[in-house]
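When the chains are written out, they are named A, B, C, D and E in that same order, and each has its own residue count from 1.
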Amino acid sequence: MWRYLINRFLLMIPTLLGVAIIIFLLLRVIPGDVVEAKFMSGEGSGVSNEVLAAERARLGLDKPVWEQFAIWIWGVARFDFGISMWTGGPISEEIALRFALSLQVALMATIVATLLALPLGVIAALKQDTWVDYAVRVFSIAGLAMPSFWLGILMILGFLIFFKWVPPMVYTPFWIDPWQNMVQLVWPALAVGYRYSAVATRMTRSSMLEVLREDYIRTARAKGLWLKLILVRHALKNAMLPVVTVIGLEFAFLLGGLVVTEQVFNLNGLGLLFVQAITRRDYTLTQALVLLVAAAFIFVNFAMDVMYAWLDPRIRFR
Amino acid sequence: MSTATDIASVDTVTAADRGRRWSAVVADFCRRRPLGAIGAGVVVLMIVVALTAPGIAPYDPLNIDFAAMLAPPDAAHWLGTDAYGRDVLSRIIYGSQTALIVGFGAAFIGATAGAVLGVGSAYFGGRTDLVVQRFMDIFISFPLIILALAMVAILGNTLPNLIIAITVPMIPRCSLVIRSSALSIREMPYVDAARAAGYGHARIILRHMLPNVMAPYLIMLTSFLGQAILLEASLSFLGLGVQEPTAAWGLMLRGAAVEFAETAPWMALFPGLAISLAVFAFNLFGDSLRDALDPKLRTG
Amino acid sequence: MNARRMTWFAGILSATASLLLLTAADALADEKPRSGGELIFPVPSEPPSYDAHREQTFGVIHPVAPHYNGLLRFDPTDPTGTKPVADLAESWTVSDDGLTYIFKLRKGVKFHDGAEMTSADVKASYDKIVFPPAGVVSDRKGQYTVVKAIEAPDANTVVFRLKWPAVSFLASLASPWNWIYRAEILAKDPHWYETHINGTGPFTFVEHVKGSHWVGKKNPNYWDKGKPYLDGYRALFIKSSAAQVAAVRGERAHIQFRGFTPADRDALKAALGDKITVAESPWDCLLMVAPNHQKKPFGDKRVRRALTLALDRYAGSKALSRIAIVKEVAGVQVPGTPYATPPAELEKLAGYGKDINAARAEAKKLLKEAGAEGLTFTLSNRGVPMPYEPVAVWLIDQWRQIGVTVKQEVVEAAAYYGVLKKGEFDIAMDFQCGYTVEPDLDLYKFTSRSKNPSNFGFYEDKVLDDLYEKQSRAKTVDERKKYVREFEKRLLDEEAHYMMTLQWHRIIPHSSKVHGWQVTPSHYLNNMLDTVWLSDGPSH
Amino acid sequence: MSVAENLPEAPPQAAGDVILEVRDLTKHFHLGGGLFGGPPAVVKAVDGVSFSIRRGETLGLVGESGCGKTTTGRCILLLEQPTGGQVIFEGKDLTKLSPAEIRVVRRKIQVIFQDPYSSLNPRMTIGQMLDEPMAVHGIVPERRARQDRVRELLTVVGLLPSMASRYPHELSGGQRQRVGIARALATEPSLIICDEPVSALDVSIQAQIVNLLENLQEQFHLTYLFVAHDLSVVRHISDRVAVMYLGKVAEITDRTALYAEPLHPYTQALLSAVPIPDPEIESHRQRMVLGGEVPSALNPPSGCVFHPRCPIAIEDCKRIVPEVREVRPGHRVACIRV
Amino acid sequence: MTDVAADTLLDVRDLRTEFATSHGVVRAVDGVSWDVRAGETVALVGESGCGKSVSALSIMGLVARPAGRVVGGEIWFKGRDLLKLSEDEMRDIRGREIAMVFQEPMTSLNPVLTVGRQITEACEIHLGYTPTQAHARAVEVLGFVGIPDGARRLKQYPHQFSGGMRQRLMIAIALSCRPDLILADEPTTALDVTIQAQILDLMKDLSRQFGTANLIITHNLGVVARYADRVNVMYAGKIVERGTAREIYANPRHPYTLGLLRSVPRLDEPKRARLDPIQGQPPDLTRLPPGCAFAPRCAFAIDRCRAEVPPLTSVGGAHQSACWVADSLPGVAAKPVAEQVPA
């Protein structure tokens, strides 16, 4: 097993390197650069080409692409992501608070999704093709079908119109004021969590259906075990394996993928930062963000493998 | 030889059986999967609406009428008008064209490219597989929004480019799923038989493996259909999708629809419902299709 | 003060008096300002760096301006935002030839770090803007090419020497971007101010949490005794406009200084009634249509004229002002400002007439003459929804009515100027926005391409260049007005190099508790917050 | 006139020449390992197997699951690349052929698989499946003629020509296996590897297929390598039999000798374990029940791989790897105690 | 073995189990009656799809719902009709009084639970054992089934056992609550010959040791011959012949049984030129012919066979056959009906 895990761990490196190369090149292919985005934004007077050239030189954008890449990747290897081309501040500082927020929302949404998905999925599987199953499926598919920004807009409008209330505008870290923090983040977490619960519910249901058809469940029934015991002890643990994967991957997607929801709920998270970074052609920040999100994704994948190994003795004892 | 009698007596499948197979399959699907049948019905309805849009839409979807700006639903405009006085119903009807083109275009390209890559990767195995999978890993871990933004920024905002942008993240997801079923199909004796018969790689992949991943392919296709429509709506909402004055659902939800959500809720409500209904129908159908096609989940 | 200069000011003042503005000046005089409270306002953008000398976005001005003073500022009570008044300068004189400006500075002004502000600081700050050292970017260098030298003969005197007389020079010095920094710090590190705050302004810096908020608190040692009235302020960085509106509506914020949409205004007013006061003004921002003269058939002025004739600007104003932040029908100057063309005269320009049917008939005729019937082209638009998108939708519809088919191509904002610069378009939406309405600043854009890289019509017009020069060096207001008018007629009517759509319209629905703040045509102005006060103290 | 007359028959050759010779065949599978994984584990699925088949005869290859009999068949079919040894078919070493030459050889060696459900492509009709090899190899280039051939082939294996338009799922297991046989015949092979061709079939169908295989062998002078675990069936169909255990040949001889007088203790145990469908006989039969399980091929025992379960093993068996030696004429055994 | 012939443990009467499929209703078990007496081994023989496994699942109340359901008959076990019991009462019988061993040892054990957990849970539930007692019992039963070092092996997972070992585990689970009857559904089909022999011997021994009755479900006539006391031959959901093993093998009175016996090659016979197969294909249960289901494949069929379903009638003592021409059938060794010689 250890060899397998180490192998998987090491395979993360070429993947991340690939991500790094692609985002680096992609950014240079996109028309426009940070200097243009900043000085040609149209709100000021025309800036001379000399000024633009000087600024490009200051940011190192006049160097050959391979050299820029080498400098950047060498920094990354030392966990130095450089400074933002837009603000001039260290990347780590730019990201820190947003990352905390996104991480928290992702975690909360995952909790919401899990709490919804597991019971619903199990019930739907047990009552397959009955009205309970249909109701669960309609509920979960409705979650998938509703654009989350749409749901968000409805929620915010609902609060406004019916309760004359708006969620706090500014992110307060949990450790500073848990109540303020929760009051702000619980809504996006619910909106997103509901949507993602759909994916997990469907996976739980089908995985459960599959497991319930397994021979060992028949064995357990033949032993005269209680239904609850069969479910909890025999079925759930097996059925959980694919569900855990799905939840893990969704969690990874949530980290950087909540652009629209963040916009609707006005969360200054990674997703919004992403859009800002790329529309400003803030190369260094975009690169760092992509790498961060990709690393999180790949790492969660790896963590899922570890979890699998831990949950499934067939792998654990290999 | 005595085999002749033996054959005659076992010829159990009659011509009549085969003739009514299709209608029987459809009837059976409807009976056993009522939800899926409802979904399929809505999808068919949507296709019909999209095809006959010029005939059934009460107004020209591009026709601006400042006199009728922000008109609430009434006899003249069943679903009201938008900020430019355009008929919301007509725009929803025409919007179904955009949704279906994007949905089917992206889903078909994404699922097919994914299927070919997945099957090829599984068939060749070894180093090829390792390299292809690394590439899939790279693309799957790439944040979707960045891909979409980059594609749109590089290629521009046209419908085909939008389809490409939506397709790119679908390919690795589909290829992963298809690859895993192709891996088991590669171990099937009939693939061995094809190899033993001395067929070329292309023939084995195209004729012997691809048709047999149809079940996961169709499942991916239907789920991508819904996802593509939703993605298009999200991208449009972010201003990265198709552009005004094209009639598209996501576009209708953005800008004025949000600003006037309180005073003119019909502007956001109906396109939002259209998106939800379409995605809902595709997912419902896809889900039931999966239940029906996945032998592991089959009842009875 | 020199007599000739005095004439100048009289002219401006008289023009100001004749203004027709939507909002009367706030009841500054009616009530006695009350001290205390924290002003909370959302900012739709975040400061890239803290150094306004090198930045272009209001995202710097709104949260950071309260920490600084300029040499001059625009009168915070003037609704046109065109009247330079003293800030750190106490008084000034201008030489007869108009080439020497001598400023006397206030005494006893201290930086937040306690250092005394002297003429060296003003000189160092302006040197940084006008003569930036290597490695320092100054966007506005070009605006000050007229400056020959800046001198600080003694601690309280600063002298600007010009290369030629420029009527707009005082307005340039009142720029809200030209904050006065400390010379000693700049000498050590010209980039220090990009990441630090140390000004003389009414508020001191407390914190900036990236992606979240900016906090300033009252500067107890502020030189303008009694001010500021607020205990502090808090700028919340909120990108989503819906969330900004929600913040004001939920009374989590008092005001947003950039502007809301008409829909937002109506919703806020409906929901909050008296608790909301709406301040409106024409906005010194304008969407223009730039036909690419290098592309056929836009080199033909008949086609360009036809396209501008097709626009029913008055009907458009009525309709679009309900859904977008555009309203006033204008020429090259914001209506109501000193050099604006009166409406009656404006109507004589092509596309500004009241009879739209006649105009369209003429447009069709012109197209026919030019052999461009059934013209089809692509309108390149910037990927910023408000107000680019509604204006484009309107334009496309207007052109459709003279038989022209237009497809919109939206280019992502950052890539847009690449498209414009390279001239890779048929017709493009162009944009101009200024901190004050001033012909020198506003008209430069339309001079020949060879002089001015931001001319995206790609034309050469010596007559226009000449008129620009003439108005800039005009000796009286009326003379200048005359040249501006001629410039306008040639640009928009005779040659139709560019087509103006509608002037932006700034709508600031704010909490009725906010007093002492005057809306102006620029969202870069009046953000020092020294005059702002809250009527019932801390509320949040 | 027999329907089969149009089928070209094998060239008249003196029966008895060696058509296939397997020399010291080995096939090792590498488990785990990978890009950075360190030394991978090696499974010696086939470990030095040698035998030969004469034209027209049937060699039975028996053994329990995991003994390497199927892998041996797959190596001969070149579905697996052998790790070592030679596979000499009609005088050519298959392991050294170019891809083009392999294509030609594949016509001559065909395969019938165990599972009639998974060995037919579910998306192709029976006709397409039989048509394809003939088209690819250009055996019958003309389309119409190929359709005739398809009908002939179906008749030969005892199916109705009309079944050409059917899909596999419309047929029963026995019928599918007939299709599998017809597909193998389509390329006019001289050697057919039968990989457990009847073990997945119902008892009542097995006999039909066994008979069919025997009839076809006579009709077309086919040579079979008959891989199976059912000793009764192997005994019925084979001329000679090889017994494999853990990747090695334990005993190889002609059928009569093997069943009448098995020499290797493993063969003896295997035969003794097979129940005979007669309670009378069963109640008197002396049985030799082997203890333990078949060891893992990942970690095979030292010396003679059978020694941990062998009733007659001695100390030497733990050390000495027994050679396959000819104990009697034509009877080769790998056991030092014989 | 004591004579307990009169002591009927399980009495299945006219059992009917149906499945609803997309092609129609399948009568998987169609009016089947048989019994098992205490301590004896009864075999249910037939080919795939003949209803033998469904019979066992019907007894356990484990027919997969909602597609399948028992639609008629009675299952008497120790004086109670199992079909009338509630689910809770049935649960007390399963595992405790009737245990079951399944065909696939590789998939019938839960891969993520330790072997110990899987053996002890039934004892804890049915016998009220404490974990310690249950553990002791588990070690004990592992010993019975020939797995030494039980205490250590209980901590292991199924994948750490080989196929034969897993089937021993299944038997250990079945034995753990000392049931009266074990239903073994193809217990050795998935195993190699040498292992098959081990397992069957083990089951036989255990049955003798504990007096447990066995029902063996199999298609392998050799296995039946070796281990069963009485045999029921099933075809298309019905029992077509029953009797003691010796009677059935020595003197089969149904053409199907006869065909089965003739078609398999035997190690104890000289090689025949050709085998004597049963012609045709197994029946499609959704479209059975009106008369005897075997008639289309039967070499002895007469017109009556195609019209009327033959009842199961005695052909001598307890030996019963459902065939209209049972009396006129030839013996096993008789010359095959249709000699197969290639054309």
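One rule holds for everything that comes next: a contact is a pair of C-beta atoms (placed from the backbone, for glycine too) under 8 Å apart; a residue touches a chain by one contact, two chains touch by 3 or more.
Fair warning: this is a prediction, and the values are worked out from it, not measured in the lab.
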- Going only through chains that touch each other, what is the minimum step count from subunit B to subunit D? 1
- Item | Reference subunit E; chain at largest CA-centroid distance | C
- Note on the structure: Contact-pair count is greater, between A-C and A-E, for A-C
- Task: Could you work out which chain's C-alpha centre is the most distant one from the centre of subunit D?
- Result: C
- So how far apart, in whole Å, are subunit C and subunit E when each is placed at the average of its C-alpha atoms? 92
- Message: Using Cα averages as centroids, what's the distance between subunit D and subunit E in whole Å?
- Response: 31
- Computed distance of Cα centres, subunit D from subunit C, in Å: 88
- Return the distance between the CA-based centres of subunit A and subunit B, expressed in whole Å. 23
- Where subunit C touches two or more other chains simultaneously, the residues are 242, 412, 414-415
- Query: Residue numbers in subunit B touching 2 or more other chains?
  - Reply: 1, 6, 10, 12, 32, 149, 153, 258, 262, 299
- Message: Going by the contact rule already set, what residues in subunit D reach two or more other chains?
- Response: 35, 172, 175, 208
- Message: Please output the residues of subunit C touching subunit A within their complex, sorted ascending.
- Response: 42, 47-49, 55-58, 135, 137-143, 191, 194-195, 209-213, 236-240, 242-243, 246-247, 249-250, 252-253, 271, 382, 412-419, 421, 431-433, 441, 444-445, 452-454
- Query: In the complex of these two chains, what residues of subunit E are touching subunit A?
  - Reply: 60, 62, 66, 90-96, 99-100, 102, 104, 107-113, 117, 121-122, 125-126, 157, 159-160, 170, 173
- Message: Show me the residue ranges of subunit B that touch subunit C in the complex, using the header's touch definition.
- Response: 62, 64, 66, 69-70, 83-84, 149, 152-153, 156-157, 239-240, 243-245, 254-256, 258-260, 262-263
- Query: For subunit D, which residues count as touching subunit E in their complex?
  - Reply: 2, 4, 64-65, 172-175, 202-208, 210-211, 214-215, 218-219, 229, 231-233, 235-236, 255, 259, 269-282, 287, 289-291, 293-294
- Task: Using the touch rule from the top, collect the residues of subunit C that touch subunit B in their complex.
- Result: 241-242, 261, 263-264, 266-267, 270, 315, 318-319, 322-323, 381, 383, 385-386, 389-390, 392-394, 396-397, 408-412, 414-415
